[in-house]
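Order of writing sets the labels: A, B, C, D, E and F. Residues in every chain begin at 1.
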Amino acid sequence: MNVPDQPLDLLVVAPHPDDAEISVGGTILHCRDQGMRVGVLELTDGEPTPRGTPERRAQETAAATKVLDLTWRGNLQLPNRRLEHTLDARHRLAGAFRLLRPQIILAPYWEDVHPDHVAASAMVDAARFWSKLSRSDIPGEPFWPEKVYYFWSIHLRIHPKPSFVRDISAFIDRKMDAVRCYESQMIEGRSTDHPTVLDDIRDRARYWGWTIGRPFGEPFASREDIGITDFRHLV
Amino acid sequence: MNVPDQPLDLLVVAPHPDDAEISVGGTILHCRDQGMRVGVLELTDGEPTPRGTPERRAQETAAATKVLDLTWRGNLQLPNRRLEHTLDARHRLAGAFRLLRPQIILAPYWEDVHPDHVAASAMVDAARFWSKLSRSDIPGEPFWPEKVYYFWSIHLRIHPKPSFVRDISAFIDRKMDAVRCYESQMIEGRSTDHPTVLDDIRDRARYWGWTIGRPFGEPFASREDIGITDFRHLV
Amino acid sequence: MNVPDQPLDLLVVAPHPDDAEISVGGTILHCRDQGMRVGVLELTDGEPTPRGTPERRAQETAAATKVLDLTWRGNLQLPNRRLEHTLDARHRLAGAFRLLRPQIILAPYWEDVHPDHVAASAMVDAARFWSKLSRSDIPGEPFWPEKVYYFWSIHLRIHPKPSFVRDISAFIDRKMDAVRCYESQMIEGRSTDHPTVLDDIRDRARYWGWTIGRPFGEPFASREDIGITDFRHLV
Amino acid sequence: MNVPDQPLDLLVVAPHPDDAEISVGGTILHCRDQGMRVGVLELTDGEPTPRGTPERRAQETAAATKVLDLTWRGNLQLPNRRLEHTLDARHRLAGAFRLLRPQIILAPYWEDVHPDHVAASAMVDAARFWSKLSRSDIPGEPFWPEKVYYFWSIHLRIHPKPSFVRDISAFIDRKMDAVRCYESQMIEGRSTDHPTVLDDIRDRARYWGWTIGRPFGEPFASREDIGITDFRHLV
Amino acid sequence: MNVPDQPLDLLVVAPHPDDAEISVGGTILHCRDQGMRVGVLELTDGEPTPRGTPERRAQETAAATKVLDLTWRGNLQLPNRRLEHTLDARHRLAGAFRLLRPQIILAPYWEDVHPDHVAASAMVDAARFWSKLSRSDIPGEPFWPEKVYYFWSIHLRIHPKPSFVRDISAFIDRKMDAVRCYESQMIEGRSTDHPTVLDDIRDRARYWGWTIGRPFGEPFASREDIGITDFRHLV
Amino acid sequence: MNVPDQPLDLLVVAPHPDDAEISVGGTILHCRDQGMRVGVLELTDGEPTPRGTPERRAQETAAATKVLDLTWRGNLQLPNRRLEHTLDARHRLAGAFRLLRPQIILAPYWEDVHPDHVAASAMVDAARFWSKLSRSDIPGEPFWPEKVYYFWSIHLRIHPKPSFVRDISAFIDRKMDAVRCYESQMIEGRSTDHPTVLDDIRDRARYWGWTIGRPFGEPFASREDIGITDFRHLV
């Protein structure tokens, strides 16, 4: 795994290539626009899928990376579809956190129907804790990612109360551009009847935007309460 | 108040003309399509508003009534903006329930920022109870509306877990037609920038449709648990 | 595992023989009465127990199967008391879903004190997802069970808000007949003081019936919101 | 209003005669058995009803009072069906609290469909606060009832999570005796088909008993957290 | 009511003098430190109390106003202890909002045991809505306070999940100074045993600080979801 | 593992030495004071940590044991930091339950950021169930621990609604004495700025005390509803 020359500000942990774009593409773009150093770490290569190949998926991912203007992107090469929260997988993920040193982690929400997402969510929690351990054999220096926020996936149609919604209005078109890079997943062989899977993604962002009186938004959950220092920071 | 020749199947109680269209227009259209006898009872005339007059609002309401193909529509003529859950208002509403005899009532949700909506919600609960009282001076025969379900309004951007979502996919366009009848409220003087107030209404229906895997939906809350008799009735 | 000649409409996944009868016996009977093709898949043989043997439990199960008039019943032969959500167990369960092809799955609720039930619940979620995968080595054709609803067990005295309650009033006596088939589990050696374990089962159905204004009911949870198309479908 | 010679330990505030028996009859009997001084204060006489008269209702109430072995019972003579949380009603109720000086108040839960119950619940909260005010014109000495717990009524089929359930197993039969005293309300003209209104009351107590592993129970809600000093006090 | 020469940024609506200091004193100080224009509007004069007089309470309020360095403070002179959400009181409060024109309102939480607080909370919601009405007889120009957040009081020991917690660590001592100005309420005649009422106030701020990893905090609830534009704004 | 000569009344299951003291030290002291037989079972030795060694941690644990006046203390010697809910670990824990035979178990809450705590919580639930199994190879006689209550840890700053709060006011100082025994964990190398980790522990007990109107308290969650037999048992 190549290592960025400086610590990241934000790291998105995604089970498969395209999850980051679908769930937090707008947030990534906004953070990059704010000058934050943003990375995405996929846990698996996401293949096989009906129309994907590892090569094609990698090309699509590279294209999306460009659209998102990511500071860093990597893949932990854990087994797709068979992702399990083992001690070994936790160890590898904790090692990645130590190399990337993100202040904030975005992780999949803990309730989902895709077993890889459920495993990924638990793995992030545990690896974040391991990342700070001293006197361990995890590579790199002990490091505590300050915050972890959870994003909703598209596999389960739930909507728990978010801890906050992020305004992504200025970035919805580029978010959709990034999503569309995954042609093998999002477009090819998919029904073109309204609403398409792309419509679903855009329309949900529209809804979350509505909840905060903005055109588009992306929701996040936090286990802990949210602290603020200035009312004017709230939309 | 004119009285329908037969009991209604469904009565929507709306604080102001346009609330029924905005919140449950699709449901009304679907119920009419299913052959149900559907009425709307407004509690006030909704005026004054920045661009409305009682006459204009009445014309808009009449146009929307036609689009919705309502079986019955009436107005309790309680004071707009000053709606209060008094015993007298409760008495009048209970009397209306006895005349209209609906099996199901749709009422505003109990949490809202518009005080007329908050008052209307409590008033429906109480009047429904009074409607069944024997030995009272309420006109008409004692009658118990079997069910009351609550709809969200647009004044407060909340989304409590609904008890169920109704599929209105086939009726979204006519719903929006009905909403657009209220030109003085929805269009004139309103910003035409995206998202407009009309976009908000349509896009929220899109979201609730997504929650049940359908193009468009409208959500409802019930205080009591929902009972069913056939799994195949569920979307 | 023998395979039904046509896809099932409904499949109950039960950790042990008797769980289906206890938790959803009335629902099964009602669905059969409605002409639905209903199966029960046990994950383990449920033995050992204080007074059971595999042979006796199998006979009791056969008797209950007759009372329930099941279309199909099978057993995945996973280890009783030691049920774990492994990739192998998931694989076998996903294969069963592909052979049985049920539109609806009923599964144990995710919070329980019996570890087999906790494991079974997670396993159903994951296997349902795997069932739809293309390009896998799971036997059978990819298949997506449309719905999964969760039932309460008797080991933990909790009562989260159900997504809906099913009216089983006409089937309570036959449900109890089916439960009583498990003499080694429900009757032999059990206290005969009121309330017996059989009283508990019947009385809880009475309570859930009360919640929907009916004599008897069985509650279900859904992770996703419930969609409907007709108010008159609701009890 | 006659005044007990010593302060009460427990006061049940009931909108109408029969509410105390239905909702907390077992608790009252148990508290009396424990030597507590228990009173019931009705806010209205509960009439008219389809088959009641004030005289008959009073006789029924007297009979139930005997079954419950109450220390004290009174009636605030506020208007039945038209109960409102006015400052005057609050004043009268606060005065009653000062005369009766109960450590614990049992009041109707705040969510209900009977408007008298909703009003009664808010009135108890406010009157309890007023009861402690110094320098007021409320008769009697300032007094603060330490605790208020809320009971469910039978008009709304809800079941929020209770703060605790009280074991009433030894008192279920006498509770039902007390309920049956209200012949004009519970028996006369009521359907005798199973489940009768009496069955409903008994069966719900059965359910709540089940939740704590006992034959019969009655549930209570508290706005504040429950404090304990000994684990062995918990069932 | 005197009117500030410029619109306020933040207005605290408090039922009685001392509520603002107790619940949001730290927040007020922090906002003033941030250069925001902050006002406090009491609805009543808070008297009588056991040791207060209107004159003394006014002096205490003036002293606290100085400690808080408020931009503006006023009193609506509604009746203490008898506060009711009447149309007239709503009208007066809406008029105040139009004169003060705050972007943000802080109001009492809707669940409380002090009836004045319950009334105040509902009154703020309704008056905020009325404040924006055109074509009304409310003095001043239509104005919509963008946000309302709710603060916990000390009368009810509840702790619903806050929407956010504000870090007030740098202002805890001055907050306590402001609270102590109310000598007639907080100190005189109060028990000096640990924990005193002052300890309670400080210790709760300590707890809420802990929830966000800071020394001291004050919690707020919002009916609507919270929107943000920058992760780095979150503590 | 040495075995107490009589069954325990209460067993605290703690992932690491110091967890029991931090979370339920006051409760342990109070129960001992009430004459209950109280044990603590650690699952791991808690090492390595930045300043601990197994020997030093053992000495600190012994010192705390003395302060707590424990009836029994043991360690299951499962792997620290790598605790997993395996069948083998479950087997060992179930065996311990059979030897110790506690009526009540206190276990870590199921939501935490420390993976050992998450594993420990699930392991207790499952081992408690296994403990009652007949015809198994688990050593000892079948035994059902009647109750399990969950305690919050310090790793995650959450505060779900507790089922009850235990008054520990008389034991706060000795609780803190017990916590301070873990010098390698709580004091050495820790920041001495306010609030220290010791302040955090004491101040949270202060908060929970406030919730029940007492100086200090410790909160507990129960999956099942709480049953009581006497109102006067409640604080």
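Structural remarks
Methods note: a residue touches a chain if its C-beta (ideal position, glycine included) is under 8 Å from a C-beta of that chain, and two chains touch if they have at least 3 such contacts.
Only a predicted model underlies this, so the values are computations on that prediction, with no experimental measurement involved.
Shared contact partners of subunit A and subunit B, listed by label: C, E. Under the contact definition, subunit C and subunit E share the contacting chains A, B, D, F.
Chain centres here are C-alpha means, and the one lying farthest from subunit F is B. Counting C-beta pairs in contact across A-E and across D-E shows that the higher total falls to A-E. A rotation of 120 degrees, rounded to the nearest 5, superposes the Cα atoms of subunit B on subunit E. Put simply, the chain farthest from subunit E by mean CA position is C. Between the Cα centres of subunit B and subunit C there is a gap of 39 Å. Separation between the centroids of subunit B and subunit D, computed from CA atoms only, is 36 Å. Residue positions of subunit A with contacts to 2 or more other chains are 157, 211-213, 224-225. Interchain contacts (touch definition given at top) occur between A-B, A-C, A-E, A-F, B-C, B-D, B-E, C-D, C-F, D-E, D-F, E-F. On the subunit D side of its complex with subunit B, the touching residues are 48-50, 81-82, 84, 111, 113-115, 118, 155-158.
Contact residues of subunit E toward subunit B in the complex are 87, 90, 122, 125-126, 128-130, 133-136, 223-225. Contact residues on subunit D toward subunit C in their complex (touch as defined above): 157, 159, 194-195, 200, 203-204, 206-207, 209-213, 215.
Across the complex, subunit D is touched by residues 10, 30-31, 34, 36, 104, 147, 149, 161-167, 211-214, 217, 219, 224-235 of subunit F.
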